[in-house]
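Below are two complexes that have chain A in common, paired first with chain B and then with chain C.
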Partner chain A sequence: MSLLQIKNLHVQVAGREILKGIDLEMDAGEVHSIMGPNGSGKSTLAQVLARRETYEVTGGEILFQGKDLLAMKAEEAACEGLFLAFQYPVEIPGISNAYFLRSALNAIRKYRGQEEMDAMDFLPKMRESLKLLDMDEALMNRSVNEAFSGGEKKRNEILQMAVLEPKLAILDETDSGLDIDALRIVAQGVNAMRSPERAILVVTHYQRLLNYIVPDRVHVLVDGRIVRSGGPELALELEEKGYTTMETGTRSAISV
Partner chain B sequence: MSSNTDTIRELAQQEYKWGFVTDIAADSEPKGLNEEIIRFISAKKNEPEFMLEWRLKAYRHWASLEKAQAEPKWANIKYAPIDYQDIVYYSAPKQKPSLASLSEVDPEILRTYEKLGIPLEERKMLAGVAVDAVFDSVSVATTFKAKLAELGIIFCSFSEAVREHPELVKKYLGTVVPYTDNFFAALNAAVFTDGSFVYVPKGVRCPMELSTYFRINAAETGQFERTLIVADEGAYVSYLEGCTAPIRDENQLHAAVVELIALDDAQIKYSTVQNWYPGDKNGKGGIYNFVTKRGKCLGKNSKISWTQVETGSAITWKYPSCILQGENSVGEFYSVALTNNYQQADTGTKMLHIGKNTRSTIVSKGISAGHGQNTYRGQVKILKDAAGARNYTQCDSLLIGDQCGAHTFPYIEVKNSTARMEHEASTSKIGEDQLFYLRQRGLKAEDAVSMIVNGFCKRVFRELPMEFAVEAQKLLSVSLEGSVG
Partner chain C sequence: METLVATASEALRNYEEGFGGIAKAAGREPAWLRKLREECFARFHEKSFPTTRDEDWRFTNVAAIARTPFLLARNGHALPARAAIEPYRVAGAACQLVFVDGRFALELSSIGKLPAGVKVGSLAAEIAADPAAIEPHLGRYLNVERDVFCALNTAFIEDGGYVHIAKGVVAEEPICLLFVSLEHEAPAMTHPRNLIVAEENSQATVIEDYVSLGGGAALSNTATELVAGDHAVVSHYMIEREHESAFNISTLRIQQGRGADVASHSLLVGGALVRNNVHPVLAGEGGECLVNGLFMGGGRQHLDNYMLVEHASPRCGSRQFYNGILGGRSHGVFHGRIIVHKDAQKTDAKQTNRNLLLSDSAQIDTKPQLEIYADDVKCTHGATIGQIEENALFYLRSRGIDESSARRLLLLAFASECLDRMKPGPARAHAEGLIRRDLERIAGA
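Here is the complex of A and B:
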């Protein structure tokens, strides 16, 4: 059984169709990448998978570990093991990063019938992940994402992913706003998370990130449809030719 | 979750009505306010002559105000006119309906207590269950009092203070909030039934937080309460008022007065958690809370600090203030006020800078949910002689949903050119993106809201004594239940 199965997914926002029939399957252990130009529906797909309610699903089906994902609330999907690394992480003033992360972990553990983790047990787990991402522990005592630099915010997302250990991690434009050193560290963190039990979906505009996180499959999303799928070499081809040719290419293919 | 809360509120409302009828019929004087009632109250309490005279003067003043229809109308609150002749001003200390055990108490109410983490014996007291011999509040209070007496600290009911320490009461009563201060203060002065009295002698640091909880019969003094706290030179005291547990009361109108006096180098820290019955989700019932609280930093280098967490009452009208008279004296006001459903709060502070180099800090956090209306009203006044005075004000509002309101009315008056003022204000709404972020990490919607709100209030909670702060956080979460769809 696939970890994630998306069948003919149609999504609208404010009456406008953004996703026009997406099919995608991912197995545990795989890394896929969704690439596409601005406005193609990449982020919409990521947010719908994470169960954001502002999007209206007008057709199709999503199975996550065999369960109906569209019937789940955001927190249920999270507790079932779905994680979204946000393109724009949100600030929560007055709540320390460490407290927030432990609360999240415990909410998930509680959902799964596991015992909650106290601060003493949590600390070593947190420190291990901090080290992986070359992050300063001082960042954990600051309010969630408040006055974090762009790079710190993105690293913080991957830190949360490392602590929460999801089954499916979706990285939404994690490379945007990162300089090359930060990009390398973030990619290193993500690569360390690759495992036979986990799938990772990397949503990106640029091929650059895929030099560091090499995907098993690449899907090209244009105007709400996956127009091509292939191996990692597809990303390089895109980089060279751009999305425009890709789009016209498929259209003519369809008309044939 | 929300249906639970509603049930609790409905039940509370039912019992509220029921309690009103039975208790009043049995144990009280007739309704209405006149000189005879004042004399009756004073006689019942065996008060010395000076108290009766003071009460009568207050009554006459109040009567003239009522005649002139001078009940204050400037606050941003709406309520039906109060008929002051339709209120019973004296009830004999009454028996609460006594139940044999907690198993007779409504399970929904018990669940609320549990959520708030209230100790078992305390739950019994709150629910009106007869308290057993193990938890003997009299003996707890006695042990406690003995400890304080060793240090010369007086901590007793106001009535007791009037009888046992008339010279102290006479010296300080009405010196911070005179009976002429305002309509409700005049009413309180005329009819107040009881309250607390604290005196900390020179150079004594009170070793424990003083709480009404340890005072016998504290629960019976809710309606027209009067508190007077005096910290003599170099003394320190921290006083806790209220309780996080939902408290029901048969009396709809509350008009309390609190006076604090700090002499040279003295410090008073006054913390309140107010959770009176707020009315049901449709705005029916609930307490009208018209409170006058003021502290006077009489001596040099003295400090008075107010911290309040206001989550209860249908109407809150309350401005804990500081008169900064002594040189280098410091006034502080930290407030969290939450209005949910149809609650209305008009609250804030006044900082009156009289002495040189006086400093004040105001941090106000207003949270509105449901149809709640939340107003911050603050006055900072720097007088001519207050050279080097400083004020910092931060006033933030948080909105949950689109049916509620937040209002801010700062008044600033500066008459000395060396004064420094800072005022920061913000209004924000709990955003869908914040909620989604927290929910995507596994937190339930209500836990997410409560986390955002607690973060918003952190600056104020930091000022509360540790245990109180933990309780206040839980209280906010419980009060917010049902505020997100």
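Here is the complex of A and C:
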């Protein structure tokens, strides 16, 4: 059984169709990448998978570990093992990063019938992940993402992923706005998370991240449809030729 | 509720009879106090209750108070059992004075060993024992001309808390004054009156905590004069958590000396109609004042905060921060007035009011009012009204936190802005416990 199965997914936002029949299958242990130009529907797909309710699913289905993902709320999907690293991580003044992360971990543990972790048990786990991402522990006592730099926010997303240990992680343009050093650290963090039990979906506009996180499969998303799928070499081809060559329809070209 | 049908004239008769009774009972009191009472009752008689045409009361209609024939809460009942008071203890407090229907109840109070130079007790007892210590302060600061509720409180002075911190003394643990309203058959009113005097270079924390045992129509009309001598450091907490049909009008009048540093923290979670007046006067050079508050309304609660910060001396700083969380059909008011007098050069005054509305029928009126008569000052004010941030809610949920917990977490974060301005210690821990508990009520509604 596949970890994730998306079948003929149609999604609308404010009456406009954004995703026009997506099919995608991922097995545990795999890393896939979805590449596409701005406005192709990449982030919509990521948000629908994370169960954001502002998107209206008008057709198709999604099975996550065999269960109907579209019937789940965001928190249920998370507790079932789905994780979205946000393109724009949200600032939450007044809640400390450490408290937030422990609350999330405990919500998930509770859902799975595991015992909640107290601050003492949580600390070593958190420190291990901080080290992996070369993050200063002081960030944990600050409010969630508040006044974090762009790089710190993205690293904070991967830190959460490392602590929450999802079955399926979706990285939504995690590379955007990262300098090359930060990109390497983030990629290193993600690579350390690769495991036979886990699948990772890397959503990106550019090929650069895929030099560091080498995917098993690459899918090209243009205008709400996957127009090509292939191995990692497809990403390089895209980088060379641009998205226009991937167009199959008669619509005018969309440049990179 | 039939009692509310009664006319204002019947209500007025009750005040007259009540005052007659008090004046008679207070036959042995000092002449200055008797005179003060009589002047204040005359003032009340002449002015009567405010209406919404009065600018200071524009958003708060007290007609329900005016027409209810309140009787002075006379305790024919036995005192409540100690066990009934237990839930209202403040962990880590130096002492807890309990007032039942406005009168000191020694039997229910816990007065441990207080540091030398710290005196706490009943105002009535102190007036009887040492009127010369009271006369220089009582009624000297409260503006009975402007506010009829203050006049009424003064006319009906019977008892309340008296706190005196001698020069240079530091009282580390909070001094707690607990005001318990009992249930009565007829609408009942109390007029607790407190006097807090922190002499030069002393330090103290005082908590006023208003609670109800039982329901029924009730009015707590309280007034506190807080005198902070030169370089004194005082934290004051006003906690209103009476039952959902209680009326509570409170006034905290702060008189600050040179270099005094006073913090006023208000937490309003209970009551049907609440008016919270905080009126610091920075009378000495270089004083600092923090006016911090959180009001959390649900149901049909009406929570009105009226701040009047007077800068009367140069080089003083004042910071007002009030946060409101309003759900159901509740109505919040923030009126932040700053007066900078002519001589108060180099004033630095700041005011911020932030509000979260949890429902479409909740309402907030926020009004800054700056009157500046000096020319070298810095005054800023700002107000925001918003809702729970959907993005933040989704972010928390996407990490596995269920929607209602996520909402509570965001509300707590918003409330924490006020908590963070309180010094760590038992008073803040007490406030935090109450806020956490009350969030269940507000978020659950």
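Note that in this section the second predicted complex is superposed on the first by the 247 of 256 C-alpha atoms of A that agree within 3 Å, B and C clash if a C-alpha of one lies under 4 Å from a C-alpha of the other, contacts with A are read in each partner's own complex, and residues count from 1 in each chain.
As a working rule, contacts are C-beta pairs under 8 Å (C-beta built on N, C-alpha and C of every residue); 3 or more make two chains touch, one makes a residue touch a chain.
Quantities reported herein were computed from a predicted structural model and do not represent experimental measurements.
Colleague: Put chain B and chain C onto chain A via the superposition and say whether they clash or fit.
Modeller: With chain A aligned, chain B runs into chain C, so clash.
Colleague: Contacts for A:108 in the overlay, against chain B (first) and chain C (second): which applies, first, second, both or neither?
Modeller: In the superposition, A:108 touches chain B and chain C alike.
Colleague: Just chain B (first), just chain C (second), both, or neither: which does A:57 touch?
Modeller: Neither: A:57 stays clear of chain B and chain C.
Colleague: Output the chain A positions appearing in both contact lists, the one against chain B and the one against chain C.
Modeller: 50-52, 73-75, 77-79, 83-84, 86, 89-95, 100, 103-105, 107-108, 111, 143, 160, 164
Colleague: Sort out for me which residues of chain A touch chain C in the complex.
Modeller: The touching residues are 50-52, 73-75, 77-79, 83-84, 86, 89-95, 100, 103-105, 107-108, 111, 143, 160, 164.
Colleague: Touching chain A in the complex: which residues of chain B?
Modeller: Per the touch definition, chain B meets chain A at residues 431-434, 436-445, 447, 451-452, 454-459.
Colleague: Give every residue of chain C touching chain A within the complex, in rising order.
Modeller: The touching residues are 389, 391-392, 394-403, 405-406, 409-410, 412-414, 416-417.
Colleague: Quick one: which bits of chain A touch chain B in the complex? Just the residue numbers, please.
Modeller: The touching residues are 50-54, 73-75, 77-79, 83-84, 86, 88-95, 100, 103-105, 107-108, 111, 143, 160, 164.
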